[in-house]
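Here come two complexes built around chain A, the first alongside chain B, the second alongside chain C.
Right after this comes the complex of A and B.
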């Protein structure tokens, strides 16, 4: 009985860790610049397609290690340029938050259709990061799940380290906590906005690479991720990184158990039910602040 | 060192400053007095590149800095110390101070300035690891000034340093400003507290409804009937 649940638990933990990586990226951009990126799901697919092109298309030497070495800087550059080209110019306008939502929504549709034209609408499958299982007798854990868990937790830890120990990380926190104070001490806000956008693109793109071989890559596969990241962000508290982390693991676990007991079709329903129930009692989310 | 010529500033439709011409000499303390809401803070913020709509001319060390944004001015050595402090609440005192040295030109002096600042503010040394949001009003004010010093600026614009402080803390803050000035910084400050300002400032300006209505030494200010009337009700 308990042994059965071990599988479900591990799956929840693994997915939760990748969701945490991705949701933290989304909440980071929101917390720092109050911009909501609707193309976030398409950035996830971008990570998946990059991995597919490198592994299946080019057949790169070195497997996933090479994929990460090549894809992460590309994702970072893509995020940076996107922010500079289409988000930054809107900032000086009135109601720019809404305009950012609209333009990133447009970008998402463009990207998804581009994927369809370039790669076709059929799902792409990727080889596992590592083969094999860890056989513990009654419990069998695939090495792949362990690698995904370890990599996404390392990603989150690296992100926290950057935030707490580097100059740019301190600048990011400063802008999030007090934009006017950041301006006074001479922090270039525009560069911080672009940097956070770039970092968040890396986080969701890396999530795309990690989950691609579990769930396939498809042109519209990012929407599910956008919705889940959004639910996690709202559940954890808009702009709260700590809250996002807890929320990701809670919802990852919820997803795994609901999927196991009732079937995967009930997962989104359950996520939204929990979100609505939470927001009814705590409108600011788990760890968000009012206002 | 710093000069404004016929400076006008606007917040949207509001015309806040009208043809304001002031100057601050090297190693001088100049003070701007005036009733609340008449443009004193706006004047400081305009000088420090924190107001977007400015007309007229501002020069610093002989160079035109009109319209130069704060992030560049901080690097040039002009820093604004806000009346409402504008600290980073969820960061430690030490992190707040380090962020004060964010600009490129301040970075090489970060260690030296940190030691200096902690010597000047022993209270901050004690509270180094505490979050800024846990400081008392007086400590937060000191942190704001200390963070400004970390920028290694030569010219400091201090907005109402004594606002909301008890009398004994006020004296402490004024003494610190005096000490900073003695160490070679030029200071332009905004105050409402006239008796203590007279001791501190070399020169005093009066700003009413966005216009300069008086300019003179502290002594002249003390003898001016108009100023007396406004501040002492005589």
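Right after this comes the complex of A and C.
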């Protein structure tokens, strides 16, 4: 009886860890610059398609290690340039928050249809990062799940280390806490905004590489991820990384068990119910600061 | 504002004299009027009331489905069912608005967008089929609007066009009256300084909830009208490309620059039809267009005209 749930539990844990990585990226950008990126899901697909092009298209030597070495800097550059070109010029305008949402929504439509035109609407599958299973008698855990879990948790830990121990990390925290104060002590605010956007692009793109091997890559597959990342962020609390982590694992479990008991179509309704309940009872989320 | 609106609708009203015989052109004109109302409603709630609602397409689709189901299931004449659909959309609008008004900025956009996102699985799923949405097949037979025995079917498009024009003018006048009334002033005050306006006794909650109800009602009603005009519905309308198309109307027209949204609808619907032979490249171009237009047209066509001709009226930002 409990054994059956072990599979569901492991799937919830693996997905939860990747969701955590991606939700932290989303909360980072909103927490620091108040810009909400509607193209976040399309950046997820970008990671998946980069991996697909490198592995299936070029057949790169070195497998996933080379994919990460090549894709992550590309994603970072893409995020940086995107912020500089289309988000930064809007900051000084009236209603800039809504304009950022509009422009990133346009970018999302552009990117999704670019994938459609360039790669076709058929779903692409990726090989697993490692083969084989860990046989524990009644429970069988695939090595793929373990590697995904380890990689995404290390990604989050690396991010935390950057935030706490490096100059750019401290600059990011300073701008998030008090933009005016940060400017007064000479922190280049614009560069911090671009850097956080670039880091978040890397996080969601890496999430795309990790999850694509389990769930395929498709032109519009990112919308699900955008909604999930956002519900996690709202549930955990905007701007709170720790809250995002707890929320990601809780919602990863919720998704796995709702999917198992009622079917996948109910997952979105369940997430929406959690979202509304959170906003009604505790609008700042589990651990977030309001504002 | 009113003058420009009269010129635009007057110009549209004489169009059938030139293209009345071309069904395809008349269809474009009808769609321009329908989207002009939806875009104006969006402008009212977002540009004037300052509520970042991303649920306008959702309320349009809710209205369309509601009217189709009400007229199909209960045999209520479409002329009345579109008002019922507006009422249903308004009730849902208030239900969505209630939690939203406690929230700020991006949260409102995301909750309303979440309504949009779950509408498709709802309409396609078991619950949707139970109330008669037809699941993923959609609703294939919707009766046309019938007034005193005269049926406004897609076969006589000129008649449908003038009926749409009447509806669009009524809706636009309502929107204009709201902007001109003390509501509009209250919104302007709330946008400039919410705390100060509240201290003067302007209730943000009351006005914002009312505008949620009003825009949802008008959008839902027009959605119902659309359903009876085209005669069939599917969840394809909930795709991101239609949402972005509506957004382009607002960007071209200018946010908070009513009646710019009507101009935006004219340009965008026409452009969208011209792009349709391009197949999959059409949404690609639309997406790119949003990025370029948001960057280059800060206040839309109206703002551009004002900058070129240096009109007397200052922009809203300049007043602030």
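Note that the second predicted complex is superposed on the first by the 291 of 291 C-alpha atoms of A that agree within 3 Å, B and C clash if a C-alpha of one lies under 4 Å from a C-alpha of the other, contacts with A are read in each partner's own complex, and residues count from 1 in each chain.
As a working rule, a residue touches a chain if its C-beta (ideal position, glycine included) is under 8 Å from a C-beta of that chain, and two chains touch if they have at least 3 such contacts.
All values reported here derive from a predicted model rather than from experimental measurement.
Colleague: Between chain B and chain C, positioned on chain A by superposition, is the outcome a clash or a fit?
Modeller: Superposition result for chain B and chain C: fit.
Colleague: When the shared chain A is used to line up the two structures, what angle, as a multiple of 10 degrees, is there at the CA centre of chain A toward chain B and chain C?
Modeller: 90
Colleague: So, A:174: does it touch chain B (first), chain C (second), both, or neither?
Modeller: The first partner, chain B, only.
Colleague: Could you look at A:2 and tell me whether it touches chain B, chain C, both or neither (first, second, both, neither)?
Modeller: neither
Colleague: More chain A residues touched by chain B or by chain C?
Modeller: Answer, by number of touched residues of chain A: C.
Colleague: Of the partners chain B and chain C, which touch A:101 in the superposed model: first, second, both, neither?
Modeller: Only chain C is touched by A:101; chain B is not.
Colleague: Classify the contacts of A:187 with the two partner chains as first (chain B alone), second (chain C alone), both, or neither.
Modeller: The answer is first: A:187 touches chain B but not chain C.
Colleague: Regarding the shared-chain residue A:281, is it in contact with chain B (first), chain C (second), both, or neither?
Modeller: neither
Colleague: Rounded to the nearest Å, state the minimum C-alpha distance from chain B to chain C in the superposed three-chain model.
Modeller: 9
Colleague: Chain A touches which residues of chain C in the complex?
Modeller: 46-47, 52, 54, 99, 102-107, 109-111, 114, 117-118, 121-122, 125, 240-241, 243-244, 247, 251, 255-256, 280-281, 283-284, 286-291, 294-295, 298, 316-317, 320
Colleague: Within their complex, state which residues of chain A touch chain C.
Modeller: On the chain A side, the touching residues are 30, 34, 36, 86, 89-90, 93-95, 97-99, 101-103, 105-114, 116-117, 220, 223, 227, 230-231, 234, 265, 268-269, 272, 275-276, 279-280, 283, 291.
Colleague: Spell out the part of chain B that touches chain A in their complex, as residue ranges.
Modeller: Answer in residue numbers: 48, 50, 70-75, 79-82, 86-91, 95, 98-100, 102-103, 147, 151.
Colleague: Please name which positions on chain A make contact with chain B in the complex.
Modeller: 167, 170-171, 173-174, 177-178, 180-189
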